[in-house]
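Shared chain: chain A. Partners: chain B in the first complex, chain C in the second.
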Partner chain A sequence: MMINWPQVLFNSAITGSLYLIGAVGLTLTYGLSKFPNFAHAEFITLGAFIGYLVAEQLGLGWPLALLIAFLVSGTVGVLCYRGIFQPLAKRGSSIIHLMVASIALGFILRHSIGAIWTWKPVYFSAAWTSFDVGSMRISSLWLWLIVTAISLSFAIHFLLMKTRIGKAIRASASNPELALASGINVNRVILITWFIGTGLAAIAGIFRGADTQIWPMTGWDIILPIFAVAILGGIGNFYGAIAAAFIIGLAENVGVVGLIALGLSTTYRIGIAFLILIITLIVKPEGLAMLFRRF
Partner chain B sequence: MDPLLYVLDLVVFIGIFSIVAISLNLEFGFTGLANFGKVAFFLIGAYTYALLSNIGVPFFFCLMAGAVIAAAFGLLISLPALRLRADYLSIAVLAFGEILRLFVKSEDWLAGGDWGLTVAPAISVAGVSHRTDAFINIALVYFCLAICFLVIHYLANAPYGRAIRAIREDEVAAEALGKNVSKYKAQVLMLGSAMTGIAGGLYVQYLHCVLPNMFMPMITFTVWIMVLLGGPGNSWGVLLGAGLVEIFDRGTNILKDYISIPIDPSNLQYILFGTLIILILLYRPQGLLKESTVRTKVQRLIYNGRHTIKNRRN
Partner chain C sequence: MDPILVAENINAGYGEAIIVQGVSMQVSEGEIVAIIGPNGSGKSTLIKSFLGFAKLFDGKIFYQGKNISGIASDRAVSLGIGYVPQIDNVFSNLTIAENLDMGAYHQRGKASIKARIAEMYDMFPELEVRKKGLAGNLSGGERQMLAVARALMAQPKLLFLDEPLASLSPKPATVMLSKMENIRQSGIAIVIVEQNVQKVLSISNRGYALANGTCVLEGDASSLFDGDNARQRYLGLDSHDPISD
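Moving on, here comes the complex of A and B:
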């Protein structure tokens, strides 16, 4: 069997870019609030639908869709944090309670979305131009996805390393008490991180929606690899997440080739991320964090 | 539909999910293990039952095989669970449930894929009415529930129960007192999974069919609501929680036929469940019934002793 390796590598870059955008918010909020937000999937879905509302139902175009989805999802994220997780954390709830609450929030959001837009999948109508480069099939959507992932990575790098708020985020994540003692408003830092994190999830949602379909499970469909990225990269570690996203992207696409060669169903694609997740948890729960500058 | 049959059906459902709920109570309520993959063990019990029953294995052995295989998987997930933090464990187990559902969905040759399998009823007497059939199922389900309940109740009040509570409260302290934390966790996960496997088998034999879509993550979540609402660490509370959640579930299903609301009732139901759980966590995290104190021989002696002293004074 001939395998089109350039295409496999290109697809890995696409998958990795999508997972990166989706996982950055999860890993940052997880690192700061110290619990995994299972409702992250629903912010991805929310973003896809807000994008659909702006771009298709209101016809305001693609760039505005990305911007408004980011803002709306971020605002909802902050409101959810203030309304649910902050009071729970103040009560001294255990991490298990916080996780259950995030699953509950996920159900509320998913089914509210289902009630507003129904469960019938919808699609972006934008026509993406496809062209061939050598043996590779490339769509302009995919190029946009890769460009977005790269520019967002640089933006977040700049934010974390060069700005006051970025330094405050890093300080609060590594030692909240010390950060508080040094005059950092840790509470505000958490809120800002939730805003950025859930906002970025929305952008991942729009790209995922444009690539496949938009329905209330859009986010849940990719939440497993996104958690795998956050854990393989080391929780709260942005640079680890970049490496992990592309490792998992590559593993999935090479894995699909393997699955086809073995005559297995390609629905097991998601099992590859699961396998990486489990192996990481058993062998090295701190993930790739050691390889990258800790913050 | 026959109203009595509807009630009987509800009673069967409450019984089956009570088994899952008390097993989660053993894992989470007593031991503090966050098992977000209950549905995986439910699925294992269900499919084991269906596959064995279809090749003619007798009812009892199908059920027991489901329990044993589910327990084996419980042991398997307990291996990482011993080392993992609560959040890692829950992510791993949640993912395990999803992968398992994908597996039965895509392997058509094994379990019929999307279309699932049909299962013959375990106890079929020719010519009995649906009502009698429901009564037979109630007897069966509640017999299993009673056994599971007694086992957990006995364990919870035995020294074993104090050890697992100690692990829940402070793992390091329990370890320092010479309790083998890993062994206890593995045993609890095995026992809890076995009970869930039995419930899965009962579920399938009652519904006469098994489909991948019966095992959505919502099952796990429903069981969590039962435990959190009823009162983690209180077996009676969890039974109460299971009853209330199932009645609420049916209630909203009936209501949707009589009142028209602008929002799709099935969506509304999930939204209400989610809101309910957040309200419980915020305002009554101990659940409806608080965890009861452990009754030990010493406590009884002290109590009786005080009583005698009081009586003597009089």
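Moving on, here comes the complex of A and C:
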């Protein structure tokens, strides 16, 4: 079997970029709220549908679709935190209560999306240019995905390292009591983080929807590898998530080569992320966090 | 001297548990007040109840004559009240410079914050050498200095220090005590919760001794344990033992 390694590496970058955009929000909100938000999947889905509404149903084009999906999903995320998770946290709910509440929220959002739009898959009609570079098949959508992931990574790095609100996010994630003692309004910081985190999920949703299909399970389809990225990166750790996204992207795509060589279905590729997640939890539950201590 | 802080009949604790009962105290401007007592006597809970970190069941707290009972924790600093917790008192994943910046979070004006950071480096030269290093990599003494410097960034008028000498070896502890003297001389009132009784009383104006959540002794630091067998009753020391940790 001839293996097109340049294509495998390029596909890894595509997969890693999608997982990165999806996982950053999950890991940032975990860092502040200290529970895994399973409804993150539905913010990915919501983004895909808002993107579909803006780009396809209203015909306003891609840039506006990305912007409006980010804003709407971020706003819904803030409202959900404010209405559900913050009151629960104030009453002293444990991580389990908050996690189960997020699963319930995910169900409500998913079925609401299905009721508002449709349960049948819909598609973006934009025709992406495809071309060959050497042995690689490249689509302009994939290039946009990679460029977006890199740009967002730099933007979040700048936010976290160079701005006061970004430093306050890192400070509040690391030591909320000391943040309060320093005069940081930790609740406001959490809301800003939820806005950014759930907004970024929407961006991932649009790219996933454009690359495959849009339906109420769009987010759920990729939430497992996104959790694997967040956990391998050291949940709550932005820089760890960048490294983990590309490690898991590479593992999945090399794994696909292996699956084909073994004559197995490539639908098992999801199992590779799951395997990495389990191994990480057993061997090194803190993930790559120790390598990236500044978040 | 006018009192900067007056606490009346404080009952405080966590959840449903009342740990501090009926404690009253006051702090005058520019003085150092020690709160001493054995482990579990409610010292930390008392100061945390002033700052909204512990539940205030009953009692009133006045700061500069204004009732601040039940204040939100993030509001205290903007009133001029600084707080250094006993443990986890730095942002370990932030650099030293970033820690100081966070100390002045509610303040505006880059230039004035920068000038304040420079003042902190003058006061604690050890910090400037490692300003780009992560706070988590500091030694115990350096970490304690950074914790105090972070609180001073907000230009407090009243500073609460929770066991600032705990886990410090004798030399850094002596350095820290002299820094506290310097801070007091700059006009900031300091309340120190400490188990290292002898050392803290040596720099304090007055002291309060707590046992089982109540105040059992109060007075001038120099004569707090004079007169009776209080040392043995409240601190478990023989009357001839030196007062130390």
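Note that in this section the second predicted complex is superposed on the first by the 294 of 295 C-alpha atoms of A that agree within 3 Å, B and C clash if a C-alpha of one lies under 4 Å from a C-alpha of the other, contacts with A are read in each partner's own complex, and residues count from 1 in each chain.
Criterion: contacts are C-beta pairs under 8 Å (C-beta built on N, C-alpha and C of every residue); 3 or more make two chains touch, one makes a residue touch a chain.
In this text the structure is predicted, and so the values were computed from the model without any measurement.
J.: Thinking of the overlay built on chain A, is A:Arg208 touched by chain B (first), by chain C (second), by both, or by neither?
T.: Neither chain B nor chain C is touched by A:Arg208.
J.: Please tell me which partner, chain B or chain C, touches more residues of chain A.
T.: Touching more of chain A: B.
J.: Is A:His40 in contact with chain B, with chain C, with both, or with neither (first, second, both, neither)?
T.: It touches nothing on chain B or chain C.
J.: When the two structures are overlaid on chain A, which partner does A:Phe107 contact: first (chain B), second (chain C), both, or neither?
T.: first
J.: Identify the partner contact of A:Leu88: answer first if only chain B is touched, second if only chain C is, both if each is, neither if none is.
T.: First partner only.
J.: Touch check for A:Phe274: first (chain B), second (chain C), both, or neither?
T.: A:Phe274 sits against chain B, while chain C stays out of touch.
J.: Sort out for me which residues of chain C touch chain A in the complex.
T.: 51-53, 73-78, 82-85, 88-94, 98, 101-103, 105-106, 134, 136, 150-151, 154
J.: Give every residue of chain A touching chain B within the complex, in rising order.
T.: 35-36, 38, 84, 87-88, 91, 93-97, 99-101, 103-108, 110-112, 114-115, 118, 224, 227, 231, 265, 267-268, 270-271, 274, 277-278, 281-282, 285
J.: Using the touch rule from the top, collect the residues of chain A that touch chain C in their complex.
T.: 164, 167-168, 170-171, 174-175, 177-186, 293-295
J.: Sort out for me which residues of chain B touch chain A in the complex.
T.: So the residues of chain B touching chain A come out as 28, 32, 34, 36, 79-80, 83-88, 90-92, 94-96, 98-99, 102, 105-107, 218, 221, 224, 228, 263-264, 266-268, 270-271, 273-275, 277-278, 281-282, 285.
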